[in-house]
Structure formats: C-alpha cells, structure tokens
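Take a look at the structures below.
What follows is a pair of complexes built around chain A, which joins chain B in one and chain C in the other.
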Partner chain A sequence: MKSKIRFSSVIGFIVLLLLILPLMIVIITSFGSETAISFPIKGFTLNWYHNVFQQPDFVEGMKMSFIVAILAATIALLIGIPAVYALTHFQIHHKSWFQNIFLNPALIPEIVIGFALYQTLVISFGLPLFLSLLVGHCLLCLPYVIRLLTAGMMDFDNRIEEAAWMVGYNKIVTFFKVVIPNIKQSILAAFILSFITSFNNIPITLFMNGPSLNMLPTSILNYLENNYDPTVSAVSVILMLITAALMMIAEKYLGLNKLT
Partner chain B sequence: MAQIKIENLTLSYQKNKQILKDLSLEINNGELLSILGPSGCGKTTMLRLISGLLPIQGGSIKVAGNDISKVPVYKRNFGMVFQSYALFPHMTIFQNVAFGLKRKKLSKEVISEKTLSILKTTGLIDLKDRMPSELSGGQQQRVSLARALAINPDVLLLDEPLSNLDAKLRIEMREEISRLQKKMKMTTIFVTHDQEECFAISDRVAVMNKGKIEQLDTPERIYQHPKTRFVAEFIGYDNFISKDWATEHGWSYNDTNSGKYLTIRPENIKVGTGNNTLKGKITARNFLGDCYQYIVETELGRMKVDTDNKDYQIGSELTLYFDKQSLIELENK
Partner chain C sequence: MKRSTTLLLLPGLLIIIILLIYPALRMFIPTFTSGNSLFENYRLFFSSSNNLKVIYRTLMIAVATTLVTLGLGLPTAYWISRLNGNWRKLVSIIVLFPILTNAVVRNFAWIMILGKNGVINNFLMKIHLIDTPLTLLYTNLAIIIGAVYLFLPIMITSLVSSFSQLNSEIEEAAEVLGARPVVVFFKVILPQVSLGIFTGSILVFVGALTAYTTPQLLGGNKNMVLATLLQQQSITLGNWTSASVIAIVLTVIAVVTMFVLNKVSKMLDRRNNLEIKN
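Showing the complex of A and B:
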C-alpha cells in the first residue's frame, strides 16, 4: 500500500514537472540578457518586457485580442443565457438535439471551423474579417457558456422564480431581478472562460487574420518567423499572467472543479 | 379575502393521462380549506392551477364572482407558500418580505412600515437583516409566510408548507398559520398529505383521490363518517366488513344505503361475546404508546384491534365484538 502511494506520487511529480518545466524555462529565458533565447541565462534584464511594448504588432494585437475576447464572450452570453433558460425551463421537442447543436463546436476540430467560416463568411458572403472573426470566436465560446450556465440554472430552484411571479412580478422582470442575480457566479465564470478561450485562440484566428486585423497569438507566431529573441518569451509570460489571473478569479468565485 | 368557486376543472397530460377530472369546489370567504390526499392525487396540480402557475385547460376559477381563469399569475394577487420555502437567496429577510410591496405603487415609507408590521406579527423582526441561508428551516418558512401575507392577498395558497419541518416545529408552524389566518380572515387553501395537521387547523377538508374529490366535509365529519373506502383507509380505518357477510351471519347494523362495506376504528372493536362477533387468531402485538394494537387474522382478513389489555398472547384465539353504533356504513365503492 505504502509503495503504491509512493509510486503514484512519483508519477504525479513527473507529470507536473513536464507541465511546469517548459513554462519555467520560458519565464526564465524572458529575463535573459542574450539576444537569442538561450537556457540557462547568463545575465538578468527586463529589456525584453520593455521591447514587447515597442512592437506595434504586439501592442495592437493585445488591444485587438482584448476587444475581440470581450465582445465574443459578451455576445456568447447574450445568446447563451436565453438559450439555457429555454433549455432548462420549457418542454422543447428534440431538446437533446438542440443541446448537441450548442455543444457541437467543442467536438469539431477548431481548424475545420476556422476554414469553414473563412470559406462561407469571408469568401462567399464577403463579410468583413473582423465580423467573421467575431462569429468564429462566439461559436468557440458558446459551448462553455451553455455548459456552465446549464449547471448554474439547474442549481437554482424554479420555485424561487414562481414566488416572484406570485408577489406580482411578470416573467421578464423576474428574470432580471431574481434569476440573473442568482446565477451571476455562473455568468461571471462563463465570461472569464470565454474570454480566455477567445484570447488564446489560434486555429480560428489564423484564417481571419490580415494586415488590418492583428491578434496577439498570431502576432507571436509571425514574430517568431523572423526573430528568435526573448521578446517572445516575455510576451508569452504576459499572456500566461493574464490567463492565470483570470483563472484565479474564476476559481475564487466558482471553484475550478465546476469549470471542467 | 374572497370566496372562490372552482367549476369543472380538468387537466390532462398527453391524451389519456387525466390529472384532474371535472373537479368543482367552493371555498367560502375567510375559510381554511384543506386538500388532503396521497402524493400523485392531483392536489398540488390543483393548487398550481388556482395560483395560475399552470394554465387552465378546462373549467373555470372565480374569485369573488370574477372569472380569473385567464388572468396571468402575477396579476392574481394570491399569496403562496412553497414546501421548499423558495426565499430569494440574494435578498435579506426584510427585502424578501418587502419585494411584493415594491411592485405596488407605494411610497418607500409605506412599504417599510407595512413590511416591519408584518415582520412583527410573524415574530421575525429580529431577523430582518439576515440572509435566508442564515436561517433555520422553520424560520425560513415563517419568512415565506410573511412574504405571501405582505401583499395582502385575496387568497392564501399553502403547498405542503410543513412537510420539510421536524415534528415539533410542524405543530408550532401550523398553529402560527392558523392564528394568522383567523386574524386576517384570509381565505386559505392548504394542500397536505398529513391528516393530523390538516384536521387540526381546517374548517373543511376535501379528500382527493386520482383527480377527484372523494369527500368534502368538516374534519369531524370526515373522521367519524368517512364516505368511501379510500377516505376511510386514508384516515386510519383498517377494518372492513362486507355487508353481505354481516347479513349472512345475522349481524345488526344500520343499513341505509347500497354500499358494500362497513368499517370500524381499531379502538372501537371490543373483546366479548354475543351478537356481531367474529373469531380470529392473534398474529402480532404492537405497543402504540397509549394502547396495544393486536393484529387478528379472521375469516374476513386482518383486523386491527386497539385495547389497553396487554395480556392477550400471540397465537391465541380471540372473539371480537363489533358494536352496532361503531360500525360505519361506507357508500358504494
């Protein structure tokens, strides 16, 4: 029994190491003073972080990624909340079919979604890149929104809503005054997870990228093609920090176990 | 506060699953009427139809003469207390109770004054700034009652409000409901599956079975003269004697209707000889607190007999005596 515990903890430690080590190396190299990424580092500098903000691609990309992530998460919520309300409250024919449709983007490879959207929205319908990108990111976020909100809505006793109707509030006012406040943690968690999903996405973003539309993850890829200096490490660390900070907020409000 | 008239209420899910069958019922102004029945008899469905939470398929509901069948739930001005309390988790007790008043066009001072007054009558004033999750089940149900009463409803609807509470709180709470109901002369419909709690506080009781009202009467009448076998069984009559058999054996009983069965409460069966007797073998003895209950196997099946005598032995023979006055005639069913 004892050796079993030791064995599994050794395995766990190795897995953790394999996950953490590359990230640790990226973090360390971002402070290296050489002009090429190298490990171990010979000197310490913060110049590369400074350099990140000197690159218009990165600054613009970060701005754009923020805007797209916030819009995509918001739109996904605006679609997802009524959809989840309907799915959990009404008797709907082919309910499971609808649920599958909403969760589908999570099952199809993102690169396929990206290509399909590019073909239809950009090439066939001639939609602007930005709009097409937004549609793609919304599709990406929707499954998370649906799943998280469904869990939140299930925890909420329908009788509470009925109690509000009984004391004189119509269904719409009740929805905003009683239902929303009681699922706001799920809404916040869904927003954060959607934001992260959109912010870090590459497969879909790659197709809808252009001179006029610069996103951070694709900017990093582009930068890497021409340069191999620790600026990339630095920008990666910034990306990691943003993601980690958001995950910590989500964890604090909901608990990570509910997110997966 | 108003009189309610329910006429020919029908409800069915799908084609053949009828939940309510042509149900009519009148509730007098200021009366507390209970709907008593086992789970699945349609009593909660009926309450939900009255409240407006379920749309009416057939029949009508009139309150003080006005047909409200098509009035949406939020315009009916009915108070409702749910089994699961259903307090608004994100509001304080004060806000919970004041929520309904805020909908009415009243000044802040009036809302606050009315809320405080109802909190005082329900004994909740010290808890007004707490959140629902900080309260015990009994306290939460009190808040739920206060919230329902705060809007000064025309009708108070109680959906098994005591079922989630423990025994002692249940009695306390039902007395509280009764006190407030009488004080406010509130027309009240109380849905429950517990005959004791419903007999204790009701003016009249409607016993429901399979979507129909089997008997509508005062608690005393129902207890002393159940009409059908279902009602009798539901309120604790366990002994049934077929009239045919009784006639064959020369029993004397009141024979006024075409019903098939006689029934008798366990405590009314005596041990003795003479006319109206039946022999049986004791198969079990249970101590019930105030008496002993013997299970006696007879040619008519099992009889339950309550007596103070603890000396009858399991396996021994007993001759049971059925007094004519204690034998109750059931109607044909």
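Showing the complex of A and C:
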C-alpha cells in the first residue's frame, strides 16, 4: 500500500510540474528584452505588453472574440434553457432521441462543422461572416449548456415549482421566479464554460475570419506564422489572466468542480 | 406532444436541423453524386498513397496520445483522489487551468521548448551532450508531445472522478487476503475505474484525432494530419470535393471509435457489476 502511494505521488508530482512548467516559461519569456525569444531571459522589459496593444489584429481580435463569446453563450442559453426544461419536465416520446440531437454538435469534429458552415452559410447563402461565425459558436456552446443544465434541472426539486402553482402563480411567473433562481448556478457554470469554449475556439473560427473579421486566437496563429518574438508570450499571458479571472469567478460562486 | 412542449423545443431543433444537419448533408451528398460513379471520389482519395500516409499518421498520433495520457494519468489521478482539503483544491486548479487556456498558448509553449534554439536544445548544448541542435520541432514526436500536453488534464479529470468513487474497503480486503500491490492495482482497482478509463480515452482519442492547432503549429508542412489536410484542401486550395471527402472520413473515424469504445465500456461495466453482485 505504502509503495503504491509513493509511486503514484512521485508520478503525480512530475506530471503536475510538466503541466505548469511550459506555461511558466511562456510567462518568463514575455519579460525578456531580446527580440528573439530566449530562455532563460537576459534583461527585463514590459515592452512586449506594450507591443501587444500596438497590433491592431490583437486589439480588434480581443474585442471581437469577447463580443462573439458573450453573444454565443447567451444565445445558447436562451435556446438551451427552454429545451432542457421541456426535456426534463414533460413526458416526451423518443426523449433520448431529442437529447441526442441537442448533443449532436459535440459528435461532429469542430473543424468539420467549420468547413460545412463555411460552405453552406458563407459561400452558398452569402450570409455575413460575423453571423455565420456566431452560428458556429452557438452550436459549439449548445452541448455544454444542455449537459450542465440537464444536471442542474435534475437536482431541482419539482415540488417547489408545484407549490408555487398551488399558491396561485401561473406557469410563466413560476418559471422565472422559482425555476430560474433555483438553477442559476448551473446557468452561470454553463455561461462560463460556453464563454471560454467560444473565446478559445480555433477550428470553427479558422473558416470564418478574414480581413473584415479578426478573432484573437486566429490572429495569434497568423502572427506566429510570420513572427517569433515575445509579443506572443505577452498576449499569451493576457489570455492566461482572462482564464484565471474566470476560474476565480467560478470558484467564488460555484466551486471549481462545477466546471468539469 | 403538447403544444407548449413543441414550442420550447422548437428553437433548438430548428437551429440544429437548419444550421448544422442541413450544411452537413450539403457537404456529405456531393461527395457521392459529383463523381462518375458513386464512390469515385472516395476511391480517388484512398488510392493516393500520400492520403493513406496522412490517415495512418493521424491514427498513430491519436493512439499514442491516448496511451501516453493513460500511462501518466492513471497514477496521477489515483494520487489526486487520495488527497484532501487544500492540497486537493490546489492540484485541481493546476489540472483545470491548462484545459481552460487557449490551445495556441499551450502549443506555443512547446515551440519554445522543442525549437532549434529552444529550451531542450540549449540545455543539452550547454552541458555539452550534443554539438548541433536536435530536430525536435516539426516532427510527429512534437505533435504527440503537444497533444499529450493538451489532453492529459482531460484524461486526469475523467479518471479522478472515477477513482473518487472507489470503495477503498474492497482494496483493503484484497490486501488483507494477501494480494500483492500490483495484483490489487490490475485486478481490483482497474476494473472498477474502467468507465473512467473509457470516458477519458474517448475524449482524448477523438480530441487528438480531430485536433487542428497542435499539428498545425508543431507538425509543420511535412507532417500533415486529416484536420490540417482538410484546412489545406479547402481554404488554401479551394478543392471543395476533396475537402468534403476528408471531412467525412474524419467524422466517420471519430464517430465509429466513440460508438465502439462506448459499447465496450458498457459491456465491461455490466460484467463488473455482475461480478460484484455475485
């Protein structure tokens, strides 16, 4: 027993180091004063952070990625909440069939979704790039919303809702005043996960960005193709700070285990 | 079905049918109808030795990634499941943080580590183990390392939730009866966490199979996989039919693997439950 614990804790410790060290190196190199990335760094500067905000693609991309992520997460919730309510509250024939349809987007590889949407929405229907991208990101978020909210709805005690009906609230008021407040944790968890998923997405975004529509992850990818300097490290650190902030919100209001 | 139920389900259903299934069919059907015969496009795709190489490389990377993440993930998850309180919390944060960090950032880190002037080469040259830098970046190995880094936290998370439900009394019983630790691990612990192993493996295998960013950044132009080939054929070359065929092949491999692993895991799970009951 002892030896097994010791063996697994040694491996576990090494694995944790391997998970942290690469990100540490990114953080350290973002402060290096040499124009080529070097590790360990020589000299200390904050110029690369300044340089991030001199790149119009990064600044524009950051704004667009934020807007799309917020819209996609919100729309996915607006579609997902009623669907999950119906699926968990009513007797529906072929219920699992409906559930599978909603989880469908998680089955098709993201890059394939991106390609299919690009072909149909952008090329054939001539839909604006922004709208097509938003559709792609909503589809991406929907399975997370459905999964987390279904779990949340299952935990919700239906008798509370019935009690509200009995004291005379109609179904719509009950839904907003009783059901929604009771599953608000799941809603927040779904929103945070959807936001991160959309904000970080590359395979779908790849097909639907262009000179008129910059998204941050694909902008970094493009920048990396032509440059290799600590600006990328600096923008990476900014992305890590966003992740950390979202994790702090999640930890404060939900507990981190809600996110997995 | 009641009208209100229909109304609640309709927006979601419409969006998925019109904006996902319809585009998918519009991609799927022409791969059969645009050739001289039904399977012409597929015959052409599979007759190219280069394409077969890409499929082989894609599968090999996905299998290697799954096995390595399992090998590292099992002891790590076992260890984490035995931690308590603040340690457990700190470790969960360290595991969760990379999952939520952009894939570009995580792969970029490995460009810095594996590159010609990267961390590993610099270190090895400094201690005079090598004179000329090793070619680590833009190889299959680099893609596997990047994918392992990308998916290991997901494997660990799936395994930890399985390990946490483990009943340690069964383990102790086996030890009291004289089973060696290795035997306990393989005969007592592993069967109980088989569900977590399969869930994790499905996520990692399909993730590595369909990943775009890692092979794009760490594999270079020579080491194409299906996802990067799809991007090249569509965006760079505008070869729609060929790109659609690749998309279908990739989807079929992913869905079939998920289906088979799911079935196997359910079978194993049922057998374990029976054994425990008996």
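Note that in this section the second predicted complex is superposed on the first by the 260 of 260 C-alpha atoms of A that agree within 3 Å, B and C clash if a C-alpha of one lies under 4 Å from a C-alpha of the other, contacts with A are read in each partner's own complex, and residues count from 1 in each chain.
FYI, contacts are C-beta pairs under 8 Å (C-beta built on N, C-alpha and C of every residue); 3 or more make two chains touch, one makes a residue touch a chain.
Because the structure is a prediction, the values reported are computed rather than measured.
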Exercise. Will chain C clash with chain B on chain A after the two structures are superposed, or do they fit?
Worked result: fit
Exercise. For A:Ala163, is the partner it touches chain B (first), chain C (second), both, or none of the two (neither)?
Worked result: first
Problem set entry | Contact breadth on chain A, by residue count: chain C or chain B | C
For this session: Would you sort A:Phe98 into first (chain B), second (chain C), both or neither based on which partner it touches?
Result: second
Exercise. Which partner does A:Val178 contact after superposing on A: first (chain B), second (chain C), both, neither?
Worked result: first
For this session: Once the structures are superposed on A, label A:Ile187 by its partner contacts, choosing first (chain B), second (chain C), both or neither.
Result: neither
Exercise. Shortest C-alpha to C-alpha distance from chain B to chain C once the two structures are superposed, in angstrom?
Worked result: 13
Exercise. Both chain B and chain C touch chain A; at which residues?
Worked result: none
Exercise. Residues of chain C touching chain A in their complex?
Worked result: 1-2, 5, 7-9, 11-13, 15-16, 19-24, 26-27, 72-73, 75-76, 78-80, 82, 89, 91-106, 108-113, 117-119, 122, 149, 152-153, 156-157, 161, 175, 181, 184-185, 206, 209-210, 212-213, 216-217, 227, 230-231, 234-235, 240, 243-244, 247, 250-251, 254-255, 258
Exercise. Along chain B, where are the residues that touch chain A in the complex?
Worked result: 51-53, 72-75, 77-80, 82, 84, 86-90, 99-100, 103-104, 144, 147-148, 150-151
Exercise. How about chain A: which of its residues touch chain C in the complex?
Worked result: 1, 3-5, 7-9, 11-12, 15-16, 18-20, 22-23, 25-26, 29, 36-39, 78-80, 82-83, 85-87, 90, 92-93, 98, 101-102, 104-105, 107-113, 115-121, 124, 135, 138-139, 142, 196, 199-200, 202-203, 206-207, 217, 220-221, 224, 228, 232-233, 236, 239-240, 243-244, 246-247, 256-257, 259-260
Problem set entry | Of chain A, residues touching chain B in the complex | 157, 159-160, 162-171, 174, 178, 181-182
